[in-house]
Each structure stands twice: as C-alpha cells, then as structure tokens.
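Let me begin by handing over the structure; questions about it come next.
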Amino acid sequence: MAITPISSVEAFKIFVETTRQADGYRDPIGFGICRLDRGQVNPDKILQATFPVVNWKENYGSAAVFLSAADLLRSEGSEVVIDITPAFVEKAKALFSPYWEEAEGEVHKNVQVIKLLDELHQQGKMEGNFSLVVLFEDEKPVTVQGVYLKLYALSLGKAALRSLNLNGAFGLLTNCAWSGNQPIELEWLRQNEIALKMKGEYPKIDFVDKFPRYLQHVIPADNTRILDTAKVRMGAQLASGTTVMPGASYINFNAGTTGVSMVEGRISSSAIVGDGSDVGGGASILGVLSGTNGNPVTIGKNVLLGANSVTGIPLGDGCIVDAGIAVLEGTKFFIPQSELAKIAEVNPDATLDFPQSEGFWVAKGLQLAGLNGLHFRQDSATGRMIVLRSRRDVKLNADLH
Amino acid sequence: MAITPISSVEAFKIFVETTRQADGYRDPIGFGICRLDRGQVNPDKILQATFPVVNWKENYGSAAVFLSAADLLRSEGSEVVIDITPAFVEKAKALFSPYWEEAEGEVHKNVQVIKLLDELHQQGKMEGNFSLVVLFEDEKPVTVQGVYLKLYALSLGKAALRSLNLNGAFGLLTNCAWSGNQPIELEWLRQNEIALKMKGEYPKIDFVDKFPRYLQHVIPADNTRILDTAKVRMGAQLASGTTVMPGASYINFNAGTTGVSMVEGRISSSAIVGDGSDVGGGASILGVLSGTNGNPVTIGKNVLLGANSVTGIPLGDGCIVDAGIAVLEGTKFFIPQSELAKIAEVNPDATLDFPQSEGFWVAKGLQLAGLNGLHFRQDSATGRMIVLRSRRDVKLNADLH
Amino acid sequence: MAITPISSVEAFKIFVETTRQADGYRDPIGFGICRLDRGQVNPDKILQATFPVVNWKENYGSAAVFLSAADLLRSEGSEVVIDITPAFVEKAKALFSPYWEEAEGEVHKNVQVIKLLDELHQQGKMEGNFSLVVLFEDEKPVTVQGVYLKLYALSLGKAALRSLNLNGAFGLLTNCAWSGNQPIELEWLRQNEIALKMKGEYPKIDFVDKFPRYLQHVIPADNTRILDTAKVRMGAQLASGTTVMPGASYINFNAGTTGVSMVEGRISSSAIVGDGSDVGGGASILGVLSGTNGNPVTIGKNVLLGANSVTGIPLGDGCIVDAGIAVLEGTKFFIPQSELAKIAEVNPDATLDFPQSEGFWVAKGLQLAGLNGLHFRQDSATGRMIVLRSRRDVKLNADLH
C-alpha cells in the first residue's frame, strides 16, 4: 500500500493533533530510535543501544509520527520496543514529508534519523539493526533499549538524577568485553580465543562491564572536561563546567553534578554534588550501595571535600570536610559551644538540640545531615572530631526566610 | 623423513604411556605454545608471549606429544623453550592424528593449536613467531616465555597466588610502550620519532611497562567485571564474581581475590582478598614491597575495608576497618576490656595476651594479625585507635573446633 | 629566485656566525617545527601541535637557518609563529646543504625535519599542516604552538619545572574530544552525531580536555614506567627511573619528579618530588590551585609519603608522612621535647623556635615547611598529631655546613 505523503506543515499539525486526541493514544514520556549492537554468539541478545536523538517530555509531534508509523497508537504497558522495518521508514518518511528537505543541522533531528534510516535501507544496512523505543510510564525497565533510553535521559540532563526507576537494570544488561565502542560477548571471545591469539588478532579489550561509558554516547558541554573516559559511567550526569580529573575519581550512573564542579574523587551511584563544590583528590562520597544505609547523599553548593576525605551524610551549602576525615552517619562530632549559635544562623529552620559533654554539644553525623556551613575537622591536639562554622559563604534563600 | 601418523585413540594412549615411562622423561608442571612479539629493533628480544592454551598439571598426553615432537624427551633444567619449526608441527600433527578432525570448540585445545600452526605455516606466517614453553620445576624463570607461562597460570587460576617462584621476573621483561596489544620497543620509537610525528603516524601509546595487562591475555568469568583495563596487571588473579571499579583501584601481579569481591581500592603485589570481602574506594592493602616488612597480607572472608583505609596486616574473617583508618604492624590499638571476651569467642585458638593500660588491653597491629571479627576504628571523642568485636558474622570451621 | 646551496661545513659556519651577529638578530630560547591538528569545523583553530624535535637553549645554527629561511632575522616580540611554506623548505634545504646527506638517526635532527617536509611537500601533504615556532623570551604564551613548545620543554626535561611562564595557557587551548592522538572539536561531534551514530561510526573518545597526554608526545627513558597513559598530562616532567602506577596516581602539567621515584599518588600542578622519594598509594601532594595558599610544594629526597596521606607543605629530605595523615599549613603538630634536638641536628640552619604546651613544642605545618628528617604521625593513644625525627637518612650538603 502506497502512503500518501503529508502535503504541508499545516496538514502535519492537523495530523499530530488528531493522532494525539485519538482514543487510547498516550503521549510518551521518552522515545527515540536506537542502533543496536547484538551478541556475536547470541544475536537475540542486545548488548548496546545507541541513540542519536533522545526525546524526553518533548517533540510530541515526532512521537505521533513514530507511533503511527509503528502502528502503536493504542499500545499498553510502560514501555514498547519494536524493530525498525522498511514499512516503518516509508510511513514515517511520508508523514515527515513537509520537513524532509530542511531537516539538517540543528533542526528536525528526528526527521534526520528517518533520512539516515532511509539511506541505510537503500544500502541494505538497516534491517535488524535499529529499534524504536517508547516509554509511556516510568516503571522499572523491561528491555535493554529501555534501560539505555533512561541512562541517556540522565546523562543528557533531560531527567533529574534519582528521578527515574532503574530497578532491575543490572539484570537486563549483559556483561561484555568492550573494545572501543564495540561490545563483545565473553562467550564469543572464549569460542574464538585460540584462533584470535594464534593469528595475532585478539582484540584490545578496554573494559568488561554491563554498562558502557558516558563518552561513548554523550558529547559534553564545551567547558566540561573528562580527563579519562573510564572515569564516568553511562547514566552519570555532568553539569556544564564539571571537570573530572584522572587520579582517583569516578562518577557512577545515576550520580553526578548539578553545577560547576571540580571532581577528583568518587561520586557513588545516587550521590549528587552541587554548584561550586569541589570533590578533592581521592575524596569518597558514599552511595546507597556503599555505606549510607540507603540514604542518598546530596552535597550542597560551594562545598569543599578535602583530599582523601569520606562523606557518608548529605551536606548543606558552604560546608568543608577536612582532608583525610571521615564523616559518617554514626560518627560522633563535638561542637564547641561558641560555634553552635553561628551554625544556627545559617540553618534557621534546623533544630539543633544536642546533648552536652565536657563543654561541647555532641551530635552524630546523621543529626548533622543537610546542615549548611559546617566545617568538619579533627582536632590535632586531642584527636577529637569537631564541627565548627566554616569560613565559606552560605547564601540563604531570601524567599524562604 | 615421513612420519607415520598414529592410527587410533588406542595407539595414541599407548604412545603416551610409553613416552612417559621412558627413561629420563619428566612430566612438566606447565607447558604451552605461545605466539611471540619480538623487538622491532632487536628481534631477538621477546617483548610478549601470548598463550592460546595453558596446560598446568594436566594434559600429560599433549605434553608427551609436544616433547616428542620437539625432541625433548630427555631434557634437563627447570624450563625449556624452543622455536616452533615446520618439523615440530608435522610431527605433532602425526601424533595427534586420531583427534585431528574432531578438535574444535571445547575439545582437544592443544590439537587446535597445532591445526592453527599448520594453517599459518601454509601461509608462511609461522616461522619465528611461536615458541614451545615447558616448565619442569618451579624454579626462578629463565626466559620471558617462562615468566609469561607463570603469569598465565596465576591469572587463569591454575596456580594459587604466591605459590610460584617469580624471582627475577622483572629483570627478564623489557620495558615497552604498548599500543593496544602491541608492545613497541622504546628504542624503536626514538629511532622513528621524527618520521612518525611528521607524517602524523605516531602510535597511540596506552602505557609503558614491563608487564602487559590482564585483559590482553585473560577472558574473565561472566560475572566478573573490570571497568578499566589499566586496573589489573597480567599475573593478577580474579575469582569469579569480582568487580574492579575504575576509581582508585588496582590489582598488581601475584595478587587478587579468591571469591566474590567488590574492589574499589588497591590490592598490592602478594596481597589476597577472601570471598565476600569488600575493598572500599581508595582503600590500600599494602604489599611486601610497600610497607609490610615482607609479610604478605591475606584478607579473610566477609571483611569490609572502608573507603580510604590502609591495611598493612593480615585480617581474619568478618573484620571491619573503618573508613580513613590506617591499620599497620606498628600501630597501637586499644581494646576495651568488655570486648576481649567477644573477640576470643571467634578466635578460639588465639592467645590474646596483651598488656593493660587505662582500662584497655593494648596490642600492636602485628599482634592482631589474622584474627577474626575485629572492628578497627578511631574513637571520635578521644582520637584513640580502638578495636572492638565487629558486627559481622564469623563462621568458624566446625571441623577444627 | 633560485637559492644557492651552501657549499661546505665551513661556509655553513660562516653563514651562522654572520647571521647571529647581524643587527637586530636574536638567538631564540626555544624553537622547532611542529605538525598541526586543526579544528574540523574551524580550521583556523589549532587543536594540537606535535614537535618531532625541540630545541631549547641549543642548536643556534639551526635557529639561524630557520629564521633566515622564514625571513625573521629582525623580528619583534617574545614569540613568533609562521606557516611552513614551500619557499621556507627550499631555502632551509639550501642552507642545510652540507648536512643533507648525512642527516639521519641521531645526527642533524633539524635537518631531518626539513628532509621530511621536503618529502611531504612532494606528496602535496605539507601546506597548512606545519608551523615554525620561535620563542625569544619567556613571556606568557600568545599562541597554541607557543604553549606546546613550553610543555615540550618541561616534559623533555629541557626546562626546569616551575621555571616557565605559562600564564594564560588554559585560555589559549581548546577543549577537545581526543580519539587516540587525534583531537576532535566537540562542535564537530555535535554536528555529525546523528550520522556517526546511525552508521556505527561514532569515534572512540578517550578523554575530553584542553591538554593532551604526556605519552602522546614524549618517549620516556628506558627505566621509566607509566602504567596508564591517562595518569600523566603533557607538561609533566618525569625523571628517569620514575614509575607511575595506575591506582590513584596522577601527575599534572608543570609537576613531576627530579629523580628515581615510585608514584602511586597525586602530584598536583606545581608540585615536585625529589630523588628516592615514594608517593604512596592514594597520597595527595597539593598544588597551588588546590589548598596550599599559592605556595608550591617541593618534596625532598628519600621521602616517604604513606598511603592515603595528604601533604600541603614542602618537605625536606628524609621525611616520613604516615599513612592516612594530613599535613597541612594550618595543622598543629606536637614535637616531644626529646625529639627537637635530633631534628635540629639535620636542620642546622633552621630556627626551631616554637611555643611549648604540655611537654611538647607546638608548631604549625607552615613552620615546619622544608625541614629535613621529620616523621609526621598521629599518636594512636591520644589522637595527637606529632612530629618525631624520622629513621630515614638525611645527607647534609657538606659544602654548606
């Protein structure tokens, strides 16, 4: 059946409106077309999904085209993944007709994707290599492609860190050997080890993991630097102006920065670092899987985590953790009496009601969680862990106080 | 001289038996055929040896074939290395005759190696590129190929960590620039620097070292992850289920894990980490070359080394070292009197006889080496280094107690 | 205009002498010819400059040839960069005539560069790809090529660390994605992202930074090891015998070692480590941009920085910083009275005049800066930060005392 191309922008708008208002139609929260890397031994296994364009709570017109071309106008469930077929491309091409010629550069990126599919199809390189992925609800992912779409949404800054349901993502992904951007099944390496090694053709393996790296999929902002691609996992989010040094740093998936930041330490999965904050060399911010009893750690603005420090509680703005110090939920901290009033000043809403001992207020780390302007240090005369008011500025939100 | 192929499996078995019982014949402890990377400037210098198949205390039939084909039935010394010649291949082929056709996939891997040699020989790509390496005794290695065979035995888990004699290994290996899996003599780079740079052909150098990386030679188990190939040196051993994160981790040769383990810190040469143990972000386990006075450190099962902690003594099962703490041989630890009985419970065979001071038992780190169930921490009120009974389970071996 | 070749070595020497004595002629402090990587989108933007040969306070004859061939005998300013043209090559070739044939291997490297330019020119591959870079004074750099020439001078050990003016270098360099040795404009990746990803041709990005890595440009000494190329930035200087491990180490530009050294920690920009010293796993040496109030840190000879220690003050020879300890400018240290005399012995010129408290002399970290033979540790009974005389040898310079 030949498809009649949509004849004008006006007609396209009517098509979109009609489609979206149709009974049972749902606007997706995210969608895109991805290129697939399949298992060498098990081609049904998807090892990687690469999205040239990710749509997240946007481009509902393109969604209408894709869903229409895929006959998915009345789908069910949280997530739909279908193979890209020649029929899909033909139909999408007809629907995108008014934008076909002008789609290049910064405009009509979803149309550009269909143009490239059309080109690859002519060359016999399309079938079996692409999926359409559509998320209607943020439920736990059910496909590899669905996991990747969420990781992209996080890494592109289209969804907030910790805002997406990634339960079960690890179980869906396959542990692969990665050679450059190419995932390779370990089983394939085993089956071919003798021939590859004898012929001097054994591939260079960069890493073995279920997740790819951030830089395999994401182009950072002009003022963002990542000095070693191994240091940032796909699914991490780096705000513009973030620098990740190559020493002891690492940013896991679903973790990252929300502003300009120097990162020389570890931001574990679920941890978030605020604007103007500095994660010193070797500093560890613990994650929900590594020592925080399930409480994710948010680090406020303008915070300094000293070299080789460890932070297991959320910190407010303007805090300092001295080099080499560990600030954990259960650590007891001693606050000199003269300092408590200064701390209260920059935490007007906090209840600072701690027991006293030997002239100090005594608080556990967990009780200090999220407070502004704290300076954590170890007294070098007594070895006591103390908390003072830091010398860093804390800007309270004038609207709130 | 034409060689008569062995005609049947039965005949092969008789050949093996006869060979092994012959006067002066020795079963090797390890053997294999390796592909060689030779120096670009000094082709006599072996830069790397790649083994498609490693035999270690096994496959004595294949050993008999190889030694017979190499005329090494009555060799002397701990280690023999010979060039693979067409005559060797022809003879091995004849001896392996009953298995020739069926050798593929998981079966008859040594026969597969000979088949590939045969194929490469036909293509004129064999001579000068392969060695047979046979170790009869575990003496200090005398060839590069011998060092590699031992590193393989360790990394493949065929020999226990710290069980092999690697004395002098460093002296045998050449410091090279590595571009992917290709070692390049630094001298060659120097001689060609001007032309390479002027033509834009200077190779990408991944590292400069005497040792290659683990992932250049070893295929990990399906549930083992190494997020950065730079983090594990050839000669390390990683038990199935080990995850090596890319932050501040490193596993040196002759070091590693013996069970499921999360490794975000450093396992220095000679250090071993037990099943269920966790090496926190930036945690350092010292090696015999880096601070332990020559005593190798074994970490027991179910141990937690906190982020940025340092451990220089062996630990038993179920220990915890708090984040940021250094536990060294000479560190003095204070054990509250109420805790000693609890510690004794999970260390029934230990003599816990320490001097007392201010209500504590006082022990040096070295005196606590290997004990189960210890929790090392620094008291945040007094700065004192203390040891408590950890809250982690310790399963004593019922057969022993 | 045909150029008459110089006919003899004697004539060449006269040419050089005449040129250098001419009015207005200046000997450069550094010069060289570099290959350029230009922006894919903005070809006027220089992304990288690769020097096959760097001349630094040497080879004034070659300088005379280059400046003469470039018509720069009377230039002004601190830095001159010109495009290499066919005319330049023809003229330089004529002037280098007496050395033309014999220029290969270790001799006449600048002549070799011209020979290669000549060859590339024949192949149509020269124009637009090369610059002559000449520094007459060590002012702040004004071109990308000038920055690179200084980074080379540092990394090749031709200029001392911290001796060159690099002000504004960051501003001149472009933040790029690096794929192997190839810098790629982020803008180009963005413009081509859809097509590259759809076709499976997205490049492998190794890092995103303004600076390249040391090993992209520099061939280390035979006994120098860098186990991960990501760990050393271009502009770092590594003395022969330096080993950089892959765990938590990093050596930034304008930082490094001046002798044999084991580096398993971070040497921040401006920090220098002396011969025989050991930077333990995860140890941090702070830089002028990271916590030292602008005072660059020099670590003396035979110093041991323990695992996960932090050092923010200069140290003399034979010091030890215990594992996990932070030695900062403001840290208060307690010196037992019996130790002060021993410390004075190895610091004959120092004024050790500290206040007393509870049987200790009390000094701030900054007051101990640069002293020999100190052992920094935390008393495990009291948590007090103490300083003792280390057990390491300190060899005082006999000429001075």
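Things to note:
Think of it as A, B and C in the order they're written, each chain with its own count starting at 1.
Here is the rule we use: a residue touches a chain if its C-beta (ideal position, glycine included) is under 8 Å from a C-beta of that chain, and two chains touch if they have at least 3 such contacts.
No experiment lies behind these values; they were computed from the predicted model shown.
Annotation, subunit B versus subunit C: rotation angle of 120 degrees from the Cα superposition, expressed as a multiple of 5.
Because subunit A and subunit B share one sequence, their contact can be compared position by position; here under half of the interface residue numbers appear on both sides. Centre-to-centre spacing of subunit A and subunit B amounts to 35 Å, using the average Cα coordinate of each chain. Along subunit B, residues 230, 247-248, 282, 308, 324, 378-379, 382-384 each make contact with two or more other chains. Those residues of subunit C whose C-beta lies close enough to touch subunit A in the complex are 175, 177, 186-187, 189-191, 193-195, 197-200, 202, 204-210, 230-231, 233, 247-250, 266, 268, 282, 284, 286, 290-291, 308-310, 312, 324-326, 328, 331-334, 378-379, 382-385.
Listing the residues of subunit B that touch subunit A in their complex gives 35, 50-53, 105, 109, 112-113, 116-117, 120, 125, 180-181, 215-216, 219-230, 245-248, 264, 280-282, 306-308, 322-324, 378-384.
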